[in-house]
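Chain naming follows the written order as A, B, C and D, and within any one chain the residues start at number 1.
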Amino acid sequence: KQEFSKFPTKAGRRSLSRSISQSSTDSYSSAASYTDSSDDETSPRDKAQVNSHGSTNFCVKNIKQAEFGRREIEIAEQDMSALISLRKRAQGEKPLAGAKIVGCTHITAQTAVLIETLVALGAQCRWTACNIYSTQNEVAAALAETGVPVFAWKGESEDDFWWCIDRCVNSDGWQANMILDDGGDLTHWVYKKYPSVFKKVRGIVEESVTGVHRLYQLSKAGKLCVPAMNVNDSVTKQKFDNLYCCRESILDGLKRTTDIMFGGKQVVVCGYGEVGKGCCTALKALGAIVCITEIDPICALQACMDGFRVVKLSEVIRQMDVVITCTGNKNVVSREHLDRMKNGCIVCNMGHSNTEIDVASLRSPELTWERVRSQVDHIIWPDGKRVIVLAEGRLLNLSCSTVPTFVLSITATTQALALIELYNAPEGRYKQDVYLLPKKMDEYVASLHLPNFDAHLTELSDEQAKYMGLNKNGPFKPNYYRLGSVYDFP
Amino acid sequence: KQEFSKFPTKAGRRSLSRSISQSSTDSYSSAASYTDSSDDETSPRDKAQVNSHGSTNFCVKNIKQAEFGRREIEIAEQDMSALISLRKRAQGEKPLAGAKIVGCTHITAQTAVLIETLVALGAQCRWTACNIYSTQNEVAAALAETGVPVFAWKGESEDDFWWCIDRCVNSDGWQANMILDDGGDLTHWVYKKYPSVFKKVRGIVEESVTGVHRLYQLSKAGKLCVPAMNVNDSVTKQKFDNLYCCRESILDGLKRTTDIMFGGKQVVVCGYGEVGKGCCTALKALGAIVCITEIDPICALQACMDGFRVVKLSEVIRQMDVVITCTGNKNVVSREHLDRMKNGCIVCNMGHSNTEIDVASLRSPELTWERVRSQVDHIIWPDGKRVIVLAEGRLLNLSCSTVPTFVLSITATTQALALIELYNAPEGRYKQDVYLLPKKMDEYVASLHLPNFDAHLTELSDEQAKYMGLNKNGPFKPNYYRLGSVYDFP
Amino acid sequence: KQEFSKFPTKAGRRSLSRSISQSSTDSYSSAASYTDSSDDETSPRDKAQVNSHGSTNFCVKNIKQAEFGRREIEIAEQDMSALISLRKRAQGEKPLAGAKIVGCTHITAQTAVLIETLVALGAQCRWTACNIYSTQNEVAAALAETGVPVFAWKGESEDDFWWCIDRCVNSDGWQANMILDDGGDLTHWVYKKYPSVFKKVRGIVEESVTGVHRLYQLSKAGKLCVPAMNVNDSVTKQKFDNLYCCRESILDGLKRTTDIMFGGKQVVVCGYGEVGKGCCTALKALGAIVCITEIDPICALQACMDGFRVVKLSEVIRQMDVVITCTGNKNVVSREHLDRMKNGCIVCNMGHSNTEIDVASLRSPELTWERVRSQVDHIIWPDGKRVIVLAEGRLLNLSCSTVPTFVLSITATTQALALIELYNAPEGRYKQDVYLLPKKMDEYVASLHLPNFDAHLTELSDEQAKYMGLNKNGPFKPNYYRLGSVYDFP
Amino acid sequence: KQEFSKFPTKAGRRSLSRSISQSSTDSYSSAASYTDSSDDETSPRDKAQVNSHGSTNFCVKNIKQAEFGRREIEIAEQDMSALISLRKRAQGEKPLAGAKIVGCTHITAQTAVLIETLVALGAQCRWTACNIYSTQNEVAAALAETGVPVFAWKGESEDDFWWCIDRCVNSDGWQANMILDDGGDLTHWVYKKYPSVFKKVRGIVEESVTGVHRLYQLSKAGKLCVPAMNVNDSVTKQKFDNLYCCRESILDGLKRTTDIMFGGKQVVVCGYGEVGKGCCTALKALGAIVCITEIDPICALQACMDGFRVVKLSEVIRQMDVVITCTGNKNVVSREHLDRMKNGCIVCNMGHSNTEIDVASLRSPELTWERVRSQVDHIIWPDGKRVIVLAEGRLLNLSCSTVPTFVLSITATTQALALIELYNAPEGRYKQDVYLLPKKMDEYVASLHLPNFDAHLTELSDEQAKYMGLNKNGPFKPNYYRLGSVYDFP
């Protein structure tokens, strides 16, 4: 997901003090929710469940759904061959032998493949959910069935949320020495309730913008007491989370919600960063006529060269069929813009949180809201004009489309390698600070995914490596190298 | 030009000790050489010429060509409106008043627009050529006619080259306080012959990879005695010199030399950096079937996602119609590859210097070379097979196509702003080191070019600027930001 | 839908003798089925329903759903402005005054907009469904509520199907003088049961390939007793039904069923006609690596020039991630091909009926079928290999994605104009034969849709019209002109 | 070349009565004119030349250039493998044994490959040029050297032109029985001077729009006395001459003349037929922002769906950087438009003849013309505004770029097959009328060119052929089928 905040906001800065992170309650469209659990209203906390091995060390919706979840996991494994090959390569050595990992992430089939890879590499794991809506109950059941203590279900209350985290951390006779977090809530809880745990923890791996931001703040304040790895900003993950994933999901999100025909549609994309580039590429390719708004002249110049007119939103708003925000800013689409849109205009957000479109301004008495489908509202003006708002201005691709397993595989593999790196790093390599994944491991994540494309890498000859001043096995670019740029000189 | 060496080579390292830089003798295709000077074989050094104002303070091929050159300059001005608007904006203040600039660059209509802009901003200039082939004689004449002391002509000998530089630097009653260099030969000469000049020099602006490399070496060795600005690595210039310029020139270079039809051609591009990306984009768009070779798994993964098969050269070489190198490495196309190419295969280099294709290996007795056009050789194998080598493996787009004025405008504007910045910087802002252009000036260069596209920039509201933690006038990205990447976090 | 059969097959030829057309029982994904009618198992035929005006002259699932259906119709109207403008232009004259139209089509919100346009133009209409699954019950209710006699519901039995058609045709005191058919079942029924109706009928408008084929056969056999208009083959409709609609729906169909990531996927598209071109364009644009199979050297050459490798299926089948058929032929993907596919390969059909993939060959004991989602089956080989078959080999875009309203608007407008033309044609213009829509009306359909794109047509000056030998109002191309070709000479 | 006139104009109708066709004096950019013949001002008609076999039966510029021309022919052969394979396939039978072909075409290396193929197939040939500028003297010499009587040189006068044609037709002891013409001048001459020749002629093969138009007029007037084959309108040739060739040449023509950078340029293309489609595709792909003008709503709708805004020229003319005409009409760009263009706007014609831009209106006293390069004029308004007119409004791609050999190969192969067909057709198959190439031969031309792309055609199984009602060897489409369209039904 690309819910980045390029420049941490005031709101962002406050988030550490909130009792629960915003991301933990974001709406989330889960691809598969095949089983109907509506027949069972009992809280999992009140149920006594036992898996087929006799264990009760978990708390899920329904342990009987394990078989169904297992199939989901198997399907996910097909597109996560990087993790599978990691399992194979580490068959002998078990680089995570002795690791006790407590994890807090979305619990989906893809996460399950990650968890079971960590176990295959020698780790013990306890797991909980980072979002109260996103758990695939069947998958949680499948994990619990194989013996991973999982505490998570779809539709937790806030109280449930913290209860699950607590159960995960606070376990008799088992103390975590590694933390894998997504959003920072787990880390926050440990800081608040069990600070002594950090004495044994070798490191934290954090995946989200919000969580990473919290870590940097801790570090700045001198309170970070273990090394932390920021996997959110690894090159490979960034490119996939932003450019490629948005290129894939913008069309999908719009089609599933509105059945729009793209050909000939006038579209304005606000912001020409990676997310904007991904959206523009896909829409133009399908025959839409796309223009851009930008505040940064360099990005604007790039948009020109890529064949997009650069305009102010107010100049074109009357003609647009679709308005898409990708800025990371707030109130980019204001009520004034919304008032001037034409009948049938579609408005949605691919950028940051839910601030970009001033949806709040539409909650006024003269306008009528009509929910026409899940995630699709018609806002009706007194003169009958309808504006179509998707996902109430929240992230379109998280709410209305699915994230390809392959993208999740890159994230998961990066997390696994970060855990291995932190767990095995010699004393002193990492201090009480926030680190980026070393370039070489970033390249390793990429190389593990090349077989999916049957891609054949060229190897440097000795002579060429010498000429370039490179090690034949990489890293091939300096640590500060960012994809899509060429920094030519030290 | 994209003759970068990402990783300075041994050869590169030696270049400082050579008496003349390689780039100063590179072949160079100059767009316009309208006047025929073949009727005049006298060396300019032996001629007594005087311009219409009575000055003899110059040395060019033929001062009478001034009017013709003036028209060339006027045409160039049409596409360099950024410099023209810079002249206008600085009409009152003259930010270069008092500056005495000695310059050593290609002398073309576009450079003339730069020089005359510097003059309009208050500077005095003396100029010489950085390449013995690239001078447009008419333009040099036009500059000399208006009173700029120019010492340059097309087809200088090496001795002429240094004589011109010397005449430029060593002038009675005039001492430079700024240096604008392209390749480092001028800087080298001043270091060697007139080190005392540096006492008054406020800074060096250097445009080329080679020159920048020399400066970094001086800096490393503690011998750099004034601040230097590396304009080669400014974001805007990089993106245009590499991605966009190659996207434009690869088709042009191939068409002008071979009249090839692109549709359905099998092409392999070696290297998927910015240059490779530019080439691939253009070729794919025109119907070629393009595959890629890469050594770096991250770039390889990106190629996959962009829809290119990633292969080893040896796997596909037999089927290819065109082979293009963009790696910055050496012997990427070896004699073994050349032996296995099919009849009619075209081989060319868009990357680095002339090392990428092992052209030397083709100079062997069993092969026949046949020059079929300027820059086009057929190499004929004993069995009659012909391989078509362009520009003898040197840079295709420098040798066989032209660089758009707009790209040169970006470079020239960047140079002008770097001169203004160094000349006006308060004491202490810049030390005896090599600097990148400040992000904000990079953005300014971009913004000066937006009117060419009738692009309208969006301005942040106070509220939005506050939310983003940005100044409304920029910079909008951190200094370490590189186009095409999103670095999300401090 | 693009279920065309370029060359009528034996099977096709037999279809007239079947009691029900194949298309009437095809599976059909209806965009909106918001209301849950599962609470009501009574057959509509057994219900006594009355609309708010006291009429009982209809048979729908539940008249109380009318309000909901009305909203659906209103939403559809937003994208069908061509029909709305047709209503306005004909406000005075009522070109269908006196017309009594009996119709048999899919009953959806879009059809409702057509029917209500016909009524606004002066016609009386009675309507029934051409497919037993595709009726939107709420829309049928809304039509019935406004007084259109509709006989249709979702999930009819075959007996229901013919009963509805009969009720539509056989009405006391009302006799049709125009027929609008989709599939030929209505026409077939009138021929069989009420041949005397044809005495008053001024013409038949037929929309489907199958129906048109039946009409041509009747004509050939000398049994066609009224003029018929083949709207299936109008230029505008063809281009939208095939090229554009497939370009839009291939991505959507694949995403909704498999959440596949397109970037870097190896795809083979069998057939490079308009449907294949649409699929290839979209997939290539999203980063897939696409190759083609063709039997026709001219289409193959075109594929080459468009940048696609032309291969035999057997040569590439092992490497493919996705196989898409668009040939109109049978057994293009055979069991042998399926046996050689790699694990996880997706197979689907965009072409013709359900013959292109030999799905029947997969119904063998050694293979396991696993339904993982609606329309998605995993076929599992004994060694664990899974091949993913979509929609059991039926048309992917009809089964798994939606057709944009805009495409349906073009079809509906074409139908309306064909009805107007046939109804108002002077005696003798049309004989007992099958006609294509006159070029000029085809152009009129297109022009009615241009305002959706804010497109501004250029008008010929008198001088230019004379030079070109054209009427200023068109037609601009000869009748035999086909889009995308230039036929230069009589 | 795409100098088609979709609708024969008045001017066109008059052309038959002119003494020389317009196309015979069109400017023409010949790729290769390596040898400098400026040293020899003697008219070839006044020279006595003899080839190395002792023959004097030819008239060329300089027989000594034969060796140079031979190399040109050999290079052309590399891209004309279709003709080479035709030579091989017919090695035994000699399908043109006994044919005596008199030809009048451009005389280039590519034509030479055709002529030598005809000879290899058994024919005797005499040849002359259809254009007074386009002859490659070296190639003419090479043909004469091998014994083909050639009468042509570059820079003929009109008198020379007819003298050459006469020498070609009027030869003692040799009488043509086949005519291959390009423009109709040869045919016209035979009609006028040697009508009795037609008694033995089995057919005429005509390649140009103008020539074909003349033939249709003769046919209409009942004066066509032999069968004629219109190869101009064969499907394969049309697609290549228009869509693909323009896609390739628009960029090339613009670059070679103006060195324009395409990225971000605002371009309006007038006309969205095949030529316009080719131009738009290429320009959009290289980053230009393209809009369209159209008179035909169907083409306009197609432009919308392809992602181009459809505008009136007068609405956008002030903003455009480039204006390209592709309409086949006259005065599409008027003086009024030219007056409103911005400084530096480029205007050129890809469409028809030289009528589309009203260049004549620019020959007025208040405007200054400045020739800045070959084919490039600056027109300067009194206020200093410059508009850049290319090729004085004649066809850009004929004047300023080259036609790929592959495209010429398709034309030449089509001509060869048409000659074979007419020469060998059984009595009665062709009457005194104008015919299109049979579909099957069109497909054969295509198939002969597939090996260039290493394309592998799929063959129908017996079962599939039966199902489709097709012969396994084609034809695969009906005769009226036009590429890019799907005509589904008889």
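Assume a contact is a pair of C-beta atoms (placed from the backbone, for glycine too) under 8 Å apart; a residue touches a chain by one contact, two chains touch by 3 or more.
Which chain is which protein? Per UniProt: A, B, C, D = Adenosylhomocysteinase-like 1.
This structure is a prediction, so every number in the text was calculated from the model and none was measured.
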Furthest chain, CA centroid comparison against chain A (Adenosylhomocysteinase-like 1): D
More Cb-Cb contact pairs, comparing C-D against B-C, go to C-D
Magnitude of the superposing rotation for chain A (Adenosylhomocysteinase-like 1) and chain D (Adenosylhomocysteinase-like 1) (Cα, nearest 5°): 180
Centroid distance [mean C-alpha coordinates] between chain C (Adenosylhomocysteinase-like 1) and chain B (Adenosylhomocysteinase-like 1), Å: 57
Inter-chain centre distance, chain C (Adenosylhomocysteinase-like 1) versus chain D (Adenosylhomocysteinase-like 1) - centres from mean C-alpha coordinates, in Å: 41
What are the residues of chain C (Adenosylhomocysteinase-like 1) that contact at least two other chains? 244, 263-264, 287, 304-305, 309, 453-454
State the interface residues of chain A (Adenosylhomocysteinase-like 1) toward chain C (Adenosylhomocysteinase-like 1) in the complex, per the touch definition above. 31-32, 34, 71, 75, 78-79, 244, 247-248, 251-252, 255-256, 259-264, 266, 282, 285-287, 319, 343-344, 370, 372-373, 386, 401-402, 404-407, 452-454
Quick one: in the complex, what on chain D (Adenosylhomocysteinase-like 1) touches chain C (Adenosylhomocysteinase-like 1)? 4-10, 209, 212-213, 216, 230, 232-233, 235-236, 238-240, 242, 244, 273-275, 277, 293-305, 309-313, 315, 328-332, 355, 442-444, 446-447, 449-450, 453-461, 463-464, 466-470, 474, 476-477, 480, 482-490
In the complex with chain C (Adenosylhomocysteinase-like 1), residue positions of chain B (Adenosylhomocysteinase-like 1) that touch it: 263-264, 284, 287-289, 304-309
